[in-house]
Structures are given as C-alpha cells and as structure tokens.
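For reference, the structures are reproduced in the following blocks.
One chain, subunit A, links the two complexes that follow: it is found with subunit B in the first and with subunit C in the second.
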Partner chain A sequence: MKMTTPENKSDAHLILTELWAERPEAEAGRAIVDFLALHTDAVHISFSQLFAVADEVRIKDRAVVLNIINYFTGADLNLLTTGFEYIEDETVQPLDIEQVRAAKFNNINPVTGDEDSDIGKKIFMFFKPSQLAKTALVVD
Partner chain B sequence: MGHSHVVVATSASKPELPMESLIEALKSRTMFTALRDALKREKLPLGQGWGDVVANATESTTQGDRFRLFLRQYFDEAIITGDRYVQIFDLEKAEVAALASQMKALSAVSLTFGANYPLPLASGLLAESSGSIELCEVRHHENGDISFIFCSARAYDDKNAYEAKELPAHILKTYNGIDKLVTYRKVYYQAYDVITLRVKLGRIEVCIDAPAKAKMAEIETLPLKLLSACALHVSGFKGTGAKPPLNLFPAIAGMYYQGKEGKVTGLAFRTMTGSIKRERMTRESDDLRSEKFHHAGMNAVGQKISPYELILEYESAPPGRPAALKLSALIREISSATPTLHGCYVSSSSFEAFEHSLNRLVTYIY
Partner chain C sequence: MQNLSMDDLQALISSNPLTRNFLRKELVTTYDEFVEVLYDEMDIVISSLEENPQHYYDDNEDKITHSIVSMLKMRNYSATQGTTSGGNVDITVKCINPLWSWIGEAKIYASLKNLQEGFLQLTTRYRNASPVFASRGLLAYTKRPDPAAHLKEWDEHVTKLSLPDYTRSECTRRPGMAFITTHKDSSSGKPVKIRHNAIALHHLPEDRSGREAAKYKKRRTEKAD
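Entry: the complex of A and B
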C-alpha cells in the first residue's frame, strides 16, 4: 500500500520518489524536505525562499516548484501549512482566515475595513512547516 | 580617465565652449568630490571648490589649456553616466544587426537643444520646451557599441513651507487665517537620457537620467517614452518596448550569495524567523557580508534569507572611479509566485565602470 504519512525524512524522500519518479518535482521536493528539516522553527517561508531552495539543486522552472508547493500544502503529504498576510508598500500584517475571506468574497481591506477593489493585489500567501514536518522531519 | 574607448567628435572638439557654462552644467550633474578625484588622477590643480575650478579653467597658460581639455572630456563622459535608472532588453541576433546598421547611418539634428548641445538650455527656455524628446548625439564607441543621447526638459518640485507669522497680512486674509502655506515651484532641468546598443552582447540598455529628480510613477513610464522617441528615428526600435525588459529579480539573491560579487553596502530582506531587516554600511570600504553583526545573524538563520533590495559597489581598475548598483524590488515581490523587477539604478562617473556593473548583473539573470 502507498505510504503518505512519513515517520522520518527518508520516508518523505521515498514518497516523493514513488510519486514523481524522474520528474524534477521529485528533486525539488527532496530539496525542500531537507530544507524544512533544518528549519522546523521557521514562522515565515516565502515563495522566493522556496524558489531559492530549488535553485540550489539547479531547478529553475518556477512551475515545478509551484507543483511541489501545491503538493506539500495538500492532504497527501502535508508538510507545509499556509498563512496569509497583507502587504502594501512597507506595511506587512498577518491575517487570519476571517480577514482573508472578507477580502476575497467582499473586497474588504483588512487594514482600513473599507471596500477596496484592489485588495486582491495586496494579499499574499506564505508557508510554515506543518505539525507533521515538525515531528517527522527531525528524524533521519 | 578610462575614457579612451569612446571615440567621437563631441564637445572635446568644440574648443569654443564657454567654460563658465560648462562648469555650471557639470555642477548640476556631478559631485565636487568625484571631479576632485579625477583632477587628482590627472595631476591637475585641485582647488577647494567650484570657484577654484572656474579660476583654473580660465587661466591662459599651458596648464589652463590642459585643464580645459580635461573638463570637456570629463563633461562628455558625464552626460552619458552619473545617476541612472536602467532597463535592459534582450535582442535576437538579426535584430542587433538591423538596429546597428540603422543607428550607424543616423546623425542627430535637434531643433530645440542642438544649438547649445552638449550644454543645457537656460532654465527659462527649458520651461518652454517641456515635452519634446530630441535626439542630440549619436556616440560611436570603440568596441562597436552605439549610444543615442536624447535631451528633454523635465521638472521637479521645489517645496517650501511658510509659517503664518512669516506671511503678509493680505495672504492670511485671502486664505482665511491659515496656519501654514506650502508652495511648489517647478525647477526645470535638461535630462540626457541614453539608449545604448551593446552589439556583441545583443542587448539594449535604456538609461534614464537623474532618477532621484523624477517621481516613482514617472520613472516607470520614461523608458517606454524614450523607446518611442527612438522608433521615430530607427524603425527597428518599433516593438522593442512591447516586450518586457529583463526581469532582474533573481540577481538580488544571486549577487548577494555570490560572496565575491562586488561589495555589499546595503541590503533589505525578510527572515524565516519573522523579521524584516534593512541594513546599511556606514563605512563604505567594508562589505556588509563580512560585517560582524550581519555575519552572526546569517549564521544564526542557517544563511537563509529572502533579500528584496541590494546595493553593491564595484571598484574600478585603475581605482578611484567606482560604480554603485542598486536593485530595489518591493517587499511584496518575495511573496509573489512571479517575483519581478524591471529596472536597476546605476551610479558612476565612468562609462566603463557603468557598463561593467551591468555586465556583471546580467550574468545573474536566467
């Protein structure tokens, strides 16, 4: 039976290899697993950071990294949890899910509380190691 | 001067240029310290300030002749260097060849600025000519590269604030007892924007003059205006602005992490531990990368940060004519799935150093 809940870092590598085989997603995924294992205390991981990690294993195709991020935030091998923040110029503010919903469905700017037709351009996603990552990836 | 690769008939061949006007124009484009360093290298009298430069340039001796020739050459280089906002466009081989032949064949005729060029128009005349961008010089470099120099009149706001007690009674009455009066005066200046075709490297560099004087929104639209003006002279430029310039964002982290790339004097970044930092070196001789506080911080976070702004300095050979390169993206770009930066800022008094910093930058773009 296919394993999707890793007990350690090697399990996570194995799952990736089984699923993605020779595709670059497997290599990028393994690099991100190793990176997460070293940074289980991280509270903010940006897209740029994950692109840089893939870059180190010479994977420059952004679509590959986006595929693996998508996979790690899903239920199958959930190593990343997502967070949201409001960014405008130098203002950076974390958002809870209610604020994100108000922005997405009603165009409400979480900082001003008013309607803002541009709000979609001011809300960004970031990542953190999931509970699973924090427990499983610290074991080789 | 590091000037030998520029071979053109420019102001150096116009001995009649009035020195006072040339020095006045130079004063608005360059810092005295940079000129002083250049005078020192040429073993010419330094003087204490601009007043002494005028005195030395009007001396009717052999030394005076050398001084005047130097100033003309220095000014020629100053109108294609200084502080600039640069966008880079990649070209296909066939495009390069077509553009090069069209550009080579052209000579500049500027109705508005031509009579005074390379000196700027008087500020009163600049106000009247606001809006027109005119080709004033085609400069052929020794390595085959070609620069178009466009002049236009641009303005910035000079803001002044007056407290109520400084204002005459009738003003206070007219404005119904205001507490403060803020005035804006437009200050016109002649911009020397440059488009350089790098023939062997297959790219165009659009270099906007004096970005600090322009508004942020204006800086983003000026390259396109300049390319449109260029297309009026050279049909090959039609459509160049339709494709985006090179995305310079990958170079921010790339250049920072390559420890020997220039000298980092400024950096802004986010950490995974939840902070946003902006760091500057006050001693410009040192590299931020090896500064004790920064170095310790980088070790603590396992060398992993997400930079969004980087300032690098390149020393020149021979030394004394450095170039500063600034890559400044918005903080939101590191959180974007498609991080983008369309231009950079380059400052140098040397064309060679200017080009060197862009050549280094491009090696980090993929």
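Entry: the complex of A and C
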C-alpha cells in the first residue's frame, strides 16, 4: 500500500476506492471530493453541507459520512482542514485549539472565561479545503 | 439541516469504532497525546483481529500487517507498510504534524529468537521521523495458545538484555497482553519508548465441525509457523 498523495481529482477517487472498496464511504468520499473541487476557495463548510452532499448520492447514514469526514481531516488523504467557532445568539467567534481544549476538557467558556457546563452546545467544528485539496482537486 | 455542536458530534461518534476519537485527534497538541490516542485506536484494531482469528490464522506476517495498516488509514492516520527509514519499517504511522511518527515491527511470534530479530531491527535499524519523539511498538502475532505466557517469556528475555537506562512498566490498556519499556537509544542517545504487544491469533476449535474439518486436523499435527 503506497503513500497517498493525489495529483488530481481522479487520483483522489482512486485512493478512496482502493481503501474503502465497496463500502459506502467510497461513494460519499467521491461526492465530497467533487464538491471540494468546485469550492476550493470556500472558507467555511459545515457538517450539514457535507451531509447534504452525501445525501445527493443517496448516502443518508450519518455514521458513514462522519467516517469519511474524519478520514479527510487526517494525514492519509488530507483534503479538509478543520476550524472551530463559538456561536451563541448573535455572537460568532473563531476559536484557537487551546480555547477549544479548555472548553472540551475543563468546561471553560472561551468568550467569558467562566465555567460553563453548556459550552459543548456552543462550539461548532467547520471545515475548509486543505492546501492539498486546493492544489490537487483543481486538476482533472 | 441543523449543524452539529461539539456535544452533538460527540454523541454521534462515541459508539462508532472508526470515529470515536475524531475530536480527540483534532485537539492533540503534544507527541505524547498523539501516541495516547494512537494506542486507543490501535487497541480497537487489535481487538478486531483477536475477535476473528480465523480470518488471520493462515495469513503471513505481511498480510496481517496490511490489514492493520488499512484499518489505521480508515481512522485517518497516514499508515504505511515497508516505508524506508533506516530500513524497511513494517508499520509507519504519521499524523498531520510531520515531526511525529510511530514505528512498529511486526513478527509472527514463533520463538524468542525470531522476536529478538524484530526487536533488534526496531531498536538498532529503524528510525522515527525525529529522535526527540521516539515511540515504537513490537507487534507479536501469536498463533500459539496462551499468548500471555509467551509474552511473559519475552518480557523476562528483554529484561536480561541489560539495555542502557532500561525501565519497564505494565500496560494498563492491555494488562498481561502488553508491557512498556524505555531505554537509551544507541544511536541518538535519546530515550526510546516501546510497547510490546502480544496479539492473540490462535484458532483451533474443538467442537464437532472443528474436529472434523481437514484444515484443523492438519493444524493439530503441525506447529504454527
């Protein structure tokens, strides 16, 4: 099994097929690759957008889509870069990893600095095309 | 469709063996955390092998390793087999940070001698991406019965090697089936941490169909390779 650095969209499709074979993650992954290829300049992609993309190829199982999102955020075929943001009422604020860690592990609200037992409901993960996606997926 | 908060996401992934550590991986900031999460993932992979040893008993070392590598890739690691780094490393695992790697040597544990060869490759030939971040693993595919007893024998053998600055501790994740050592690397002079794992792949059913199946009859008359 070789290191997986695609040079174009077709390579990315092939890598997905080689690893996931007949599993539905392969189909969901190809749909997300095609979506990213059309949106390489996107700055904010939500989970719900990626669920909708998979839904278009009749992949409705959220676990399957999460499997492939998790895969794309990792080092094997890194097509998605993750970010975090705080959203409450009208407040929307980007967060760095230390703020998210403090919230996740110590329930610290990154805006107020106070303990907040509901903080997990106010922090959202989002995605951007990775550098690899921006360079490889624009090539057919 | 509503978006997912961190709590929503955690609820969705907690029972999924492929994604249960998704958030933890995103929040890793140190090499030790990378290794901690990797071992959580690795143990899920190992347990899936041990749950179905009939699928792996007849496989050779490379084929079993290939299965592990594929399962790690699905968990979002860059996992490769035979990558050159001082030699052809059986398993190399990397994450987004290019300085962090974990390397593993896999052997079918047929004797102390062949495991010793793997250990020497792991400790004197192969290299991590950085000598400062040097966790490694020995994967002993054990097709003989009673892997814990065989691992204990190996444990005693390693202790007798008198490695410099040697320490040894129990692995609380897989008690009896893994232990952890550290010693001073002969090349870099830095500490190397190794988890020694026995992976239980013995399979010889004694029920009626097991007694009568030709492959098991053959297996009874020969030693596992």
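The rule we apply is simple: the second predicted complex is superposed on the first by the 137 of 140 C-alpha atoms of A that agree within 3 Å, B and C clash if a C-alpha of one lies under 4 Å from a C-alpha of the other, contacts with A are read in each partner's own complex, and residues count from 1 in each chain.
Here, a contact is a pair of C-beta atoms (placed from the backbone, for glycine too) under 8 Å apart; a residue touches a chain by one contact, two chains touch by 3 or more.
Given the structure is predicted, the values throughout are model-derived calculations rather than measurements.
**Q** Quick check for you: in the superposed arrangement, does A:Ala52 touch first (subunit B), second (subunit C), both or neither?
**A** The answer is both, since A:Ala52 touches subunit B and subunit C.
**Q** What is the contact status of A:Glu90 with respect to subunit B (first) and subunit C (second): first, second, both, or neither?
**A** first
**Q** Of the two partners subunit B and subunit C, which one touches more residues belonging to subunit A?
**A** More residues of subunit A are touched by C.
**Q** Regarding the shared-chain residue A:Thr135, is it in contact with subunit B (first), subunit C (second), both, or neither?
**A** A:Thr135 contacts neither subunit B nor subunit C.
**Q** In the overlaid three-chain picture, which partner chain does A:Met125 touch, first (subunit B) or second (subunit C), both, or neither?
**A** both
**Q** Just checking: does A:His39 make contact with subunit B only, subunit C only, both, or neither of them? Give me first, second, both or neither.
**A** A:His39 sits against subunit B, while subunit C stays out of touch.
**Q** Once the shared chain is lined up, is A:Thr17 touching subunit B (first), subunit C (second), both, or neither of them?
**A** neither
**Q** Looking at the overlay, does A:Lys60 come into contact with subunit B only (first), subunit C only (second), both, or neither?
**A** Touch partner of A:Lys60: subunit B, not subunit C.
**Q** On the A-aligned overlay, A:Asn8 touches which partner chain: subunit B = first, subunit C = second, or both, or neither?
**A** Neither partner.
**Q** Which residues form the common part of the subunit A surface touched by subunit B and by subunit C?
**A** 46-48, 51-52, 62, 66, 122, 124-125.
**Q** Along subunit B, where are the residues that touch subunit A in the complex?
**A** 253, 270-274, 276, 302, 304, 306, 308, 330-339, 366
**Q** In their complex, what parts of subunit A are in touch with subunit C?
**A** 1-4, 19-20, 25, 46-48, 51-52, 62-63, 66-67, 70-76, 78, 82, 84, 97-98, 100-101, 103-104, 119-125
**Q** Can you list the residues on subunit A that touch subunit B in the complex?
**A** 35, 38-39, 41-49, 51-52, 60, 62, 66, 85, 87-90, 92, 122, 124-126
**Q** Touching residues of subunit C toward subunit A in the complex: what are they?
**A** Counting only subunit C, the residues touching subunit A are 1-10, 12-13, 16, 18-19, 22-23, 25-27, 29, 66, 69-70, 73-81, 83, 94-96.
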